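Read from first to last, the chains carry the letters A, B, C and D; within each, the first residue is number 1.
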Amino acid sequence: MVVVMQPGATEAQIQAVIERLNAYGFDVHRSTGVNQTVLGAIGVKPDFDIRHIKVLDGVADVYRVTEPYKFASRTWKKEDTQIEVKGVVIGGSEVVVMAGPCSVESEEQIQATAAHVAAQGATFLRGGAFKPRTSPYSFQGLGEVGLKLLREAADQYGLRVITEVMEVGQIELIYPYTDVFQVGARNMQNFALLKELGKVDKPVFLKRGPAATIEEWLMSAEYIIAHGNPQVILCERGIRTFETQTRNTLDLSAIPVIKQKSHLPIVADPSHGTGLRDKVIPMARAAVAAGADGIMVEVHPDPPTAKSDGPQSLYFDQFTEMMRQIRLIAQVIGRTVREPLSETV
Amino acid sequence: MVVVMQPGATEAQIQAVIERLNAYGFDVHRSTGVNQTVLGAIGVKPDFDIRHIKVLDGVADVYRVTEPYKFASRTWKKEDTQIEVKGVVIGGSEVVVMAGPCSVESEEQIQATAAHVAAQGATFLRGGAFKPRTSPYSFQGLGEVGLKLLREAADQYGLRVITEVMEVGQIELIYPYTDVFQVGARNMQNFALLKELGKVDKPVFLKRGPAATIEEWLMSAEYIIAHGNPQVILCERGIRTFETQTRNTLDLSAIPVIKQKSHLPIVADPSHGTGLRDKVIPMARAAVAAGADGIMVEVHPDPPTAKSDGPQSLYFDQFTEMMRQIRLIAQVIGRTVREPLSETV
Amino acid sequence: MVVVMQPGATEAQIQAVIERLNAYGFDVHRSTGVNQTVLGAIGVKPDFDIRHIKVLDGVADVYRVTEPYKFASRTWKKEDTQIEVKGVVIGGSEVVVMAGPCSVESEEQIQATAAHVAAQGATFLRGGAFKPRTSPYSFQGLGEVGLKLLREAADQYGLRVITEVMEVGQIELIYPYTDVFQVGARNMQNFALLKELGKVDKPVFLKRGPAATIEEWLMSAEYIIAHGNPQVILCERGIRTFETQTRNTLDLSAIPVIKQKSHLPIVADPSHGTGLRDKVIPMARAAVAAGADGIMVEVHPDPPTAKSDGPQSLYFDQFTEMMRQIRLIAQVIGRTVREPLSETV
Amino acid sequence: MVVVMQPGATEAQIQAVIERLNAYGFDVHRSTGVNQTVLGAIGVKPDFDIRHIKVLDGVADVYRVTEPYKFASRTWKKEDTQIEVKGVVIGGSEVVVMAGPCSVESEEQIQATAAHVAAQGATFLRGGAFKPRTSPYSFQGLGEVGLKLLREAADQYGLRVITEVMEVGQIELIYPYTDVFQVGARNMQNFALLKELGKVDKPVFLKRGPAATIEEWLMSAEYIIAHGNPQVILCERGIRTFETQTRNTLDLSAIPVIKQKSHLPIVADPSHGTGLRDKVIPMARAAVAAGADGIMVEVHPDPPTAKSDGPQSLYFDQFTEMMRQIRLIAQVIGRTVREPLSETV
């Protein structure tokens, strides 16, 4: 921590700050400049609230020198984290595709979707079983029945399952059905949930909160890792800004920023990022071009009748086209998107 | 819902939209103008996702005509909701003050705080028992021990208790200790929690999420009311913006906006809204001047040693001064802040 | 400037950074810690772009130690700046009221407004003569004719004039008619304009840009002062956020922040800050309670027929009521708002 | 315009709204529903301020039915606008590259840059001659000398010139030197400037303001077109959000949104969009993948010594690599980026 005193801070003020820093357990290194005194506070306390010093008399500003996270940091681990799920590696050279409906609605719906996305090269089937919604009057999900249907459809078509867990109490219920636990954007700072997921032996897919800075997002990843689970996959799904033409603003710059700051894989979700079907394909292309390790998209056999998020779900033929396009983009930057099954035969 | 067709939309496109609207259960009223056709879709479906229509060919834009909430709306209930908690009314002419530390840390700390804030005219004692934190390395709260200390301190000094519930599983545990359940900003859209709080017979204090629009906030209030609990108190605590001088940007305009749109009481929290102690008093004054029904502030016997949020906690003498100032402001606008005990004797 | 090296930065990387800093003219003070090396770069270069160092190999982060502004800073000048305009002091104990229509529309309109606001205690008459507008199809202002009408109305009722200058070329034209030059929010970083206003001997009223941080705003003030004009008045008029219920989000926290960081007076504009007439009075009260040195509001004899910003303009009787209310609020915090003329007779 | 009355609005309120609408010149079409009355107000008034109706008693909400712009709209002109500048077409199948330093600093610098970017396939040379800056203490540009150097370098290497015009008074000076007038983000709503550029017979490159919605941006384009100049090129360069890891948040979703709403070409500027050199290449790839009609980037022979924006400027070899990569991306989506000269010989 670096403490910058105001020009004109008195010796008494400087001494008071030094004493306070000592009281908090820091060693202090003082540099007295012509205009200003700067204090270096040494000691590893990643959770120290720097505002404690900021509010003291004579202090101009305070900066943290160490990142507030450690295990999630590229500084701590240089090489990319690769997470293997039943033979598919996230964070390697393959750009992994996770696709499926917003909610599991019926056996027919999820089977049809699984068949299609698997045939086109997706390796993960997504789908929600618990859908507490903005409106109390909307479809709230099939619950465990949905989880079973999801697992069966995935198994039948050789897909892995990713589904959302919304609270601590659901972990045990969901565990046998899923391969990856998804933490939704609204739960990014549900620390009780993150803590429990830190004790689980399956990967966690951590969506960025709509108002979360990249640093806060990495702090949440840290939370999971610090509690024992190093298998964290980040997912950029759009932040809230003043622009309302899209549901959120997909922050693709987060991809190169994360790649620099962290070793964790990062996936982009252009469905939630834009909220409108016809914007999904261009933004999926852009995300792959920017270096995303994967794409998560919503696909539905009949979007207009979807019980949730239909307007941002792709039709089957749009998904096929998206896969074709991102496959080419991936090649350009030295990566791969899996070939469609029909063509690999 | 009003559907505006593009100028130049074909008759086939218009018919397709009408058919789709009929399929969704709407009656359609068509107005054919010189340049554009406008369709009025009639039928009460507050949860209908208008993006279903927005993505159809030939559609220029779609507007919801009814607000997406009902019970929370001033349209549905004209008179102000007043919530009585052991003789204190929130939403009446009194501006209610809720004060206490961020976290309950010890018996000594909470007793001292309760004594002071009660003496100065606060009627609610706040304090957190569960503090899952941004950093996995920080103090995580005293749990049920904290709740007991909080209740005892409140009872001793004639205060009501308000404390945060973070997940469904905690409701039963917290119930006997609290008078009001606080829902934190990060949980504003934790619908499972809101639903359960809808079944509780104590008031719910609903903080605005840092990225939540006023409409989304009222939707969350609706969720609670629709599940059976009409006693909802809103709390503005700052939204996330690009400005970083303050922790959040306290959106005081939300106070007159809520007063117009809803009948629910609204409280302001200048401690979280600013994040810095020396900004709390001016913003508390401003909130009362803007028409807030209450003020929630953090107060601590020794802020520099507080285990959480010390830098935004008031010293006792600052709290006394704040009370003095907002009491005068309240009078100016025809409201009251309770007198200090010493002066009422 | 403080340069924090990454843990594990090599000696070669550290030396390269030191050399670069020396090349830029800084003296370097090195602290070698257990985990990390920190470099203090000494030398006063307020405009140095710290990203030059941020992009070097091995650098974790870089912090500016000195504020990027000097003359606008409370560090440089402790006592509040008071700006006197024909006997009225902005930044003293009086809360100054500036009122008038958005645009000067006719002699009748501006005379009636001047008469009313003067009678109620306003000391400045505002009104725009040049109104280039969002839509190319809207009323664009009366130009110099408007300036004349504004000056005449102000003189007749003992008011001072404040009006907006939109480009360098208008300064000379406006000079004889105005007492204070207003710089609109969109021009906050029009540096050519700021530079020229730095050479003028009348005060400058600098509105905050809708996307400007407080630091950038103070940098713009610095620009004017550095070019020779120390008479700068800041005006908070709302920032752009995701909330759309109000036109902008009036950031009242900026008032105590500015009071701490700068010696310059700050005025609030609740008309632009909210964009809706019925929100203006509560936000004007809140601004005064938060410590604003003045209030600027739009008032119109017949808002529904106003050629611009009618919906956010107060009716005369609303203005009277606002004055009555903020006068009481001002007293509470030891300040004054001028009495209505009718009552001082 | 559609006016939605509140449920329970009285007949007198409805009549008052109808009369007001008639007074403003609208024909009114009334639909009386079970719960609510909806009024359709017919008449083409693109600049009507809907807040006039919003503030009336009994009105729940008001929606504009027609877009506030016309000439910039895809509705008005279906086919893509293609702008030809000395043989290069912007908005066609080629993805056009505009490159050069932030500021023209010297003949040597601009010649070297022009030679390199031309050799790699850029067709436009960018460079600023007037650099009024955030800090009053920074380099302010070479002025007309810079323009001459820019023109000479461009001519020598077969490039077109794009340079920024900052105020009306500069148009005449810049005219002979430039092929395209750039309007900076801070000037996006400098309507006096837009108006004058509407009278010029050269294209205008309109950067999006950091706080501007897409609708406001198109309104600014409309302003130019309505004043006579249909050659408008839009440029996305990042918006201000709460995320500070990047200088701005490059909103690539704006590309597909603009393509749907408007016929105008859109270019992306990843240099300003990210503010850091190592993020430029991935974001340039992403922009091309998202469908941008061009890329503008900053390139400098020696970025560490650049007088402005060095940290976001590419080294020559980075530019070469960027060109190689976006050329491949462009092919994938059926477009082209010009080949390097050395390879076309």
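We adopt the following convention: a residue touches a chain if its C-beta (ideal position, glycine included) is under 8 Å from a C-beta of that chain, and two chains touch if they have at least 3 such contacts.
These are the chains along with the protein names UniProt gives them: A, B, C, D = 3-deoxy-D-arabinoheptulosonate-7-phosphate synthase.
These numbers come from a predicted model, not from an experiment.
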Fill in: Smallest number of contact steps required from chain A to reach chain C
1
Practice prompt. Round to the nearest whole Å and give the separation of the Cα centres of chain C and chain D.
Written response: 27
Worksheet item: Quick one: chain A and chain D, Cα centre-to-centre, how many Å?
Response: 31
Worksheet, complete the sentence: So chain A residues touching two or more other chains come to 211, 239-242, 244, 278
Discussion item. Quick check of your reading of the touch definition: is the inter-chain graph here a line, ring, star, complete or other?
Written reply: complete
Fill in: Touching residues on chain B, where the partner in the complex is chain C
211, 213-215, 239, 241-246, 249-257, 260-261, 273-274, 278-279, 282-283, 285-291, 325, 328-329, 332-333
Fill in: Parts of chain A lying in touch with chain C, wherever the complex brings them together
2, 4, 6-8, 29, 31, 33-36, 38, 40, 42, 44, 60-61, 63, 65-67, 75, 240-242, 244
Discussion item. So in the complex, the part of chain D that touches chain C is made up of which residues?
Written reply: 20, 46-47, 49, 51-52, 54-55, 68, 130, 132-138, 166-169, 186-187, 189-192, 195, 209-211, 216, 219, 222-223, 226-227, 239-240, 275-278, 304, 308-312
